[in-house]
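One structure follows; several queries about it will come next.
Which chain is which? They are A, B, C and D, in the order written, and residues in each are numbered from 1.
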Amino acid sequence: MDLVATILVDGLIYAGWLFIVSVGLTLVFGVLNILNIAHGSLYAIGAYASATLVGIYFANGGDAIPWGSYAALILAAVLVALVVGPILERGLLRFFYGRDEVLNVLVTYAVFLILEDVMKLIWGVNPYFVYEPYTLLGDVEIGPLFYVGYDFAVIAAAIIVGLGVWLTLNRTRMGKVVLAVIHDSEMSQTMGVNVPRIYLGAFMAGTFLAALGGALTAPMISVTPGLGVNVIIVAFAVVIIGGLGSVPGAAIGALMVGISRAASVHLLPEAELFIIYFVMAVVLMFRPEGLFAKTQARKI
Amino acid sequence: MTLKLENVEVTIQAAPILRGVSFEMQAAERMGLVGRNGAGKTTVMRTITGLATLAGGKVFWDGTDISAMSPRDRAMLGFGYMPEDRRLVPDLTVEENMLLPAWVNPDIDGARGLAFVYDLMPELTKMSARKSLLLSGGQQKMVALGRALIAGRRLLLLDEPFEGVAPALAKRISEVITSLRSEGLAVLIAQSELSHSMELLQRECVIERGEIVKVSTVGQDTAAQPVG
Amino acid sequence: MTTKTKIGGAFAALTLAAGLATPAAAQDDTFKIGVITFLSGQAAESFGVPALNGGKVLIDMLNQGGQLPAPYTQKGFGGMTIEVVEVDEAGGATKQVQEFRNLVQREEVDAVVGYVSSGNCLAIAPVADELKAFTILYDCGTPRVFETGSFDYVFRTAAHATMDNVSLARYLKARDFPVESFAGLNQDYAWGQDSWADFKGSMAQIYPDAEEKTALFPKFGAGQYGTEISALLRERASLVHSSNWGGDLQGFLLQATARGLHERSQLVLAAGDHVIPQLQDKMPDGIFLGARGVNGLAAKARGGELAELTDTLWNAYEAEYEAFPVQAPFRMWQALLGLKTAVEKAMAENGGKKPNDEELAAAMEGLAWDAPSGRIEMALAGGHQAIQPNAIGTTKWNEAEGRMELVDVEYFAARCVNPPEGTTSQEWLAAGFPGAQCD
Amino acid sequence: MTRSLTLSAAAAFVLLALGALVLPDWAMFLFAMALAKGLVCLGIVGMMRGGLVSFGQGLYYCLGAYTATLVANTFGVSDIFLLTVLSTGVCLAVGLAFGPLLASYRGIFFAMLSLALSMVLYGSLSKMSFIGGTDGLNIAAPTFLGWAPEGRALQTALYLYVAVMVVIAGTLMRIYFDSEQGLIALAARDNELRVEYLGASVRNVNTYSYVFGAVLGGIGGTIAVLALGHVDPEFAFWTTSGEFVFVAILAGYLSVPSVFVAAIILEMVRSFSNLYFPNTWQLALGIFLLIVIVVLPDGLGSLVRRRKGDAT
């Protein structure tokens, strides 16, 4: 297999992962206007939850039907969304709606600090492993290289998530109401939209996507403290490149970062660390609000 | 008496915007709210929709104090609001923009409302499937009016409906509002000049620097009524 | 003016609060040590917490007295009860310097034992000297601490990281492993960069014909190595070197073995032993790895004179934490046993009083003592930097007993894999290990 | 005005200087570090007046610290005044280069772009193993015009030096706040368009604030590195910048002295939570941040102003 193809495959795999971890961030920003630093913690909680749940699954005779562990992974993300989402949104974030964006970044930074220790209190510092789902799909041989089937499952998951979010927003009534709230939450209220419920729903959806990112990653890593710190910075970069609040933007941002990173690792490993900021700086230089900033209706 | 504002005070960033505004509107009454830019017209509108926070005073609807009611619950009472800057959802089509209030309020019959609006403004039929992003400012104004009409079964709040609109279109909008006379809903129109709506209004309030300085029956300039 | 006075009032109150928060006076029958290690963040799991746990086990045994074999039979430190103040090492060097000052000046600890991160070690050393506070760096790896500075009150009781990679290269040679080319994957920060440079330098001496292939430096804590593994698979190097640790190493091993990298290239890990208890049989057989000293499984396998000391601590640790001790507790043990030896030596010289910082530093300089990891000698940097023996082994899963073993272990004398006094590690590597004393 | 400003500056200095007499060693160091960081935060407060919040002030903090360290280590310069001037000069130049570019960004985009710039510096320094990479560099204790103190004298001298800097910077900032440009900034915070209609350039004002912030960041970084004796790329990491923003928010944009009180409070809270909750200090710090944001939405400065309002 030639180098270009390798770069594309590697780039796509990474982009799939990047998209899943960033799309929830952009959705939450779009609806709630909060750039959620704690998104990284939600990712980590998702990873811990899935490690725990899959562990329980195999401890209780899951070996007979190993495929069930995928259901356990997704269930973990759903549980995190159902439990942590409302606690954070109803219990804290709703008091800060309409406040300064940057102040809200600090609020979520505080949440991030708190959750880091809360995770430590719940799960301790020892690593958790759930490698079964990772090896279940076997190997895929592409030219001289082996890939793990699971990697392609992550790409598939990213496509499903992307299409799911896009179709929900653009093809369902509820999604269109959400679009209205994204564009103008104040005006939506005067039309009778239950904005608090939309906020809660969107935050839970964002939490689900963050947790899903963690849950899907858990089988290929060891789940340890400090997992969320790095995720948040790359997710930030992706959504800034794509345009805050834009789902297609997150997809394009993830692809750009994923492929340029893969190219860098293969061709110029020294530059890997910068590539993400480089792409971001170039995009912002020409499009100060990212590639797909929120569309504005004409004023005249 | 349908809508009543009593000594309404609104402060934005320590600056008093409304200072003891009081007036009443009857069901099916059409009233103008006239004042220069910055006099507080839009803030009065926002007070009625619930978007502005009261620093003092009360708002009543059908005799009930709704001062603490959320904008959403007020929308459910049948308030329709057309803001000066239209504020359509750019990614949605013309029809979707107008149907949005019906989607979230089970009391509204979307199909009937739509039929009513298309009947009033047939030109909207042609552009019903276009994204509102692609409309001209004047066209957006008509869509925003249509949306307010579908949402507003009891009270219509129109903020500068003629501002920045070509004369021909302004005339058309004026006609549309005039044709509402038979619908039996209260209409409050905020504007800086009365030229387009003289014939359709019954009364006007003049607002200056956040205070109502005069309430008069249109055409009877001399007979200023006491405010209360 | 009103603003100024109100704020001034607040400021004065803060000043007063700071002034009043005086510490409890240090007592003569206790010896108070500040222990700084990672309690949160990525290094907590692999180093910080196991080291602290190891320290607790040892200190409990010392405070009870008579639990350890000679020469560690005396209770506590010279009869004094050991008291510990814990501080989390996470949060960056700035925070650590502040906390160090607080420990010394506010908590008035008698000695500080700490620091996994090389950056923190570099930052702390000059401050320790400024405050004349006796300090033991127990874990950090960078040779720079004493190669670019000299400190009177600072001691490092573990060998620096050069030893790890020299030992790896010597192990390959000792086992006649053919190396045509080698590639690397290391974390993108000083530890990973230095480790790769040391390995490269050692290979240049021992395998001068081997070709150096790609050197990858994924971000610290990256977790995802798919692209890097593709690049390494394409390279088909005979060896892939990694000094990764903790979650980064576990993630890399899981992903690399799933894609068969270990079948295409020999994996050599500079500090890989500490992931064995977690990975168990997910750690493939046949990996060459070190433990930054004769630590963990290599110490257990060594036996010999130190077996009793090693087994006592090993068993106590295993009983308490249900996992066997890996490298981090071993380094904490050698630090604390060294401190105990120094305290007792100083007391023997000053007539049995609790030694002050000067006396401790004098006692520690050039000291040598036995630890579960072997004989520790403060042989470098004018008696401030330890050297210790090292071991490299090959992983082999024991199916019958369900545990990982280290086979084909080679032990290297301290003076075989550490530079002699007066030479920096870089010079020593570049010159082809002059003065190395290998058996 | 000028007279009362001079008086309060003098009063502030006397108050700070008293600290040198009563503070125990550890606290004097903590206060000196807090005041040095407070200088960086003061720069953010200056930008906040115009509605901008930089999430990348670590860039200048780090740049100042590295400039001082590299100059000291390469040329053997140890004079604190010279080092401050040199590193401030570098920060001024970099600030002038980026200022006009960043001045056209607003809100979250300004925050994120400034963050990206500081992360690029972080990444670059992490890669440069010839200047220590992520391990960073040490710098020797400073001298003061040839005088080379040690121990308590050194700490006192450093503390007084930072106190002087704080008073000078604070006074200049106050003058700037009350100047025409400063008032334009404040007005732009509420309604930028209106300010532009009046013929003032918000862009220019934002550039001035940014460059001023860069200079303050450089001074703060220089003093911090001389007090610490060590610098590493972490100085430019986003969490460092995040802390500066937190102090600025805790202080609010209304009062200059409250910035320094806020900086000291944060250091104290961090230090004591670290000691009393070694396992959950992040939790304690996070809860503290939330309480501050909830209880004091406009910062400490608003507290003072509110009381003042009550009095009159």
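Definition applied: a residue touches a chain if its C-beta (ideal position, glycine included) is under 8 Å from a C-beta of that chain, and two chains touch if they have at least 3 such contacts.
Since we're looking at a predicted model, the values are computed, not measured.
Counted as hops between touching chains, the shortest connection from subunit B to subunit D is 2. Pairwise, the chains sharing the most contacting C-beta pairs are C-D. With centres computed from Cα atoms alone, the innermost chain of the structure is A.
Set against the C-alpha centre of subunit B, every other chain centre is closer than that of C. With centres defined as mean CA coordinates, subunit B is found 42 Å away from subunit A. Work out the mean CA point of subunit A and of subunit D, and you get 34 Å between them.
Each chain gets a centre from the mean of its Cα atoms; for subunit A and subunit C, those two points are 36 Å apart. Annotation: 73 Å between the Cα-based centres of subunit B and subunit C.
Looking at subunit C, one finds that residues 39-40, 188 touch two or more other chains. Residues of subunit A in contact with at least two other chains: 116-117, 120, 270, 273. Taken pair by pair, the chains that touch are A-B, A-C, A-D, C-D. Of all residues in subunit C, only 1-8, 10-12, 14-19, 21-22, 39-40, 85-88, 91-95, 97-99, 101-102, 104-107, 118-119, 122-123, 125-127, 130, 142, 144, 148-149, 188-191, 193-194, 197 touch subunit D in the complex they form.
Across the complex, subunit D meets subunit A through its residues 53, 55, 104-105, 107-109, 111-113, 116, 119-120, 123-124, 126-127, 238, 242, 245-246, 249, 279-283, 285-287, 289-290, 293-294, 297.
Against subunit A, in their complex, subunit C makes its touches with residues 39-42, 44-45, 48-49, 188, 214-224, 226-228, 230-231, 233-234, 246-247, 250-251, 254-255, 258-260, 275, 278-279, 282.
Against subunit D, the residues of subunit A that register as touching in their complex are 35, 92, 95-96, 99-103, 105-107, 109-114, 116-118, 120-121, 233, 236-237, 240, 244, 270, 273-274, 277, 280-281, 284, 288-289.
Residues 3, 6, 9-11, 13-14, 17, 116-117, 120, 125-127, 129, 131, 134-135, 139, 144-148, 150-151, 217, 220-227, 229-230, 261-262, 265-266, 269-270, 272-273 of subunit A are the ones that touch subunit C when the two sit in their complex.
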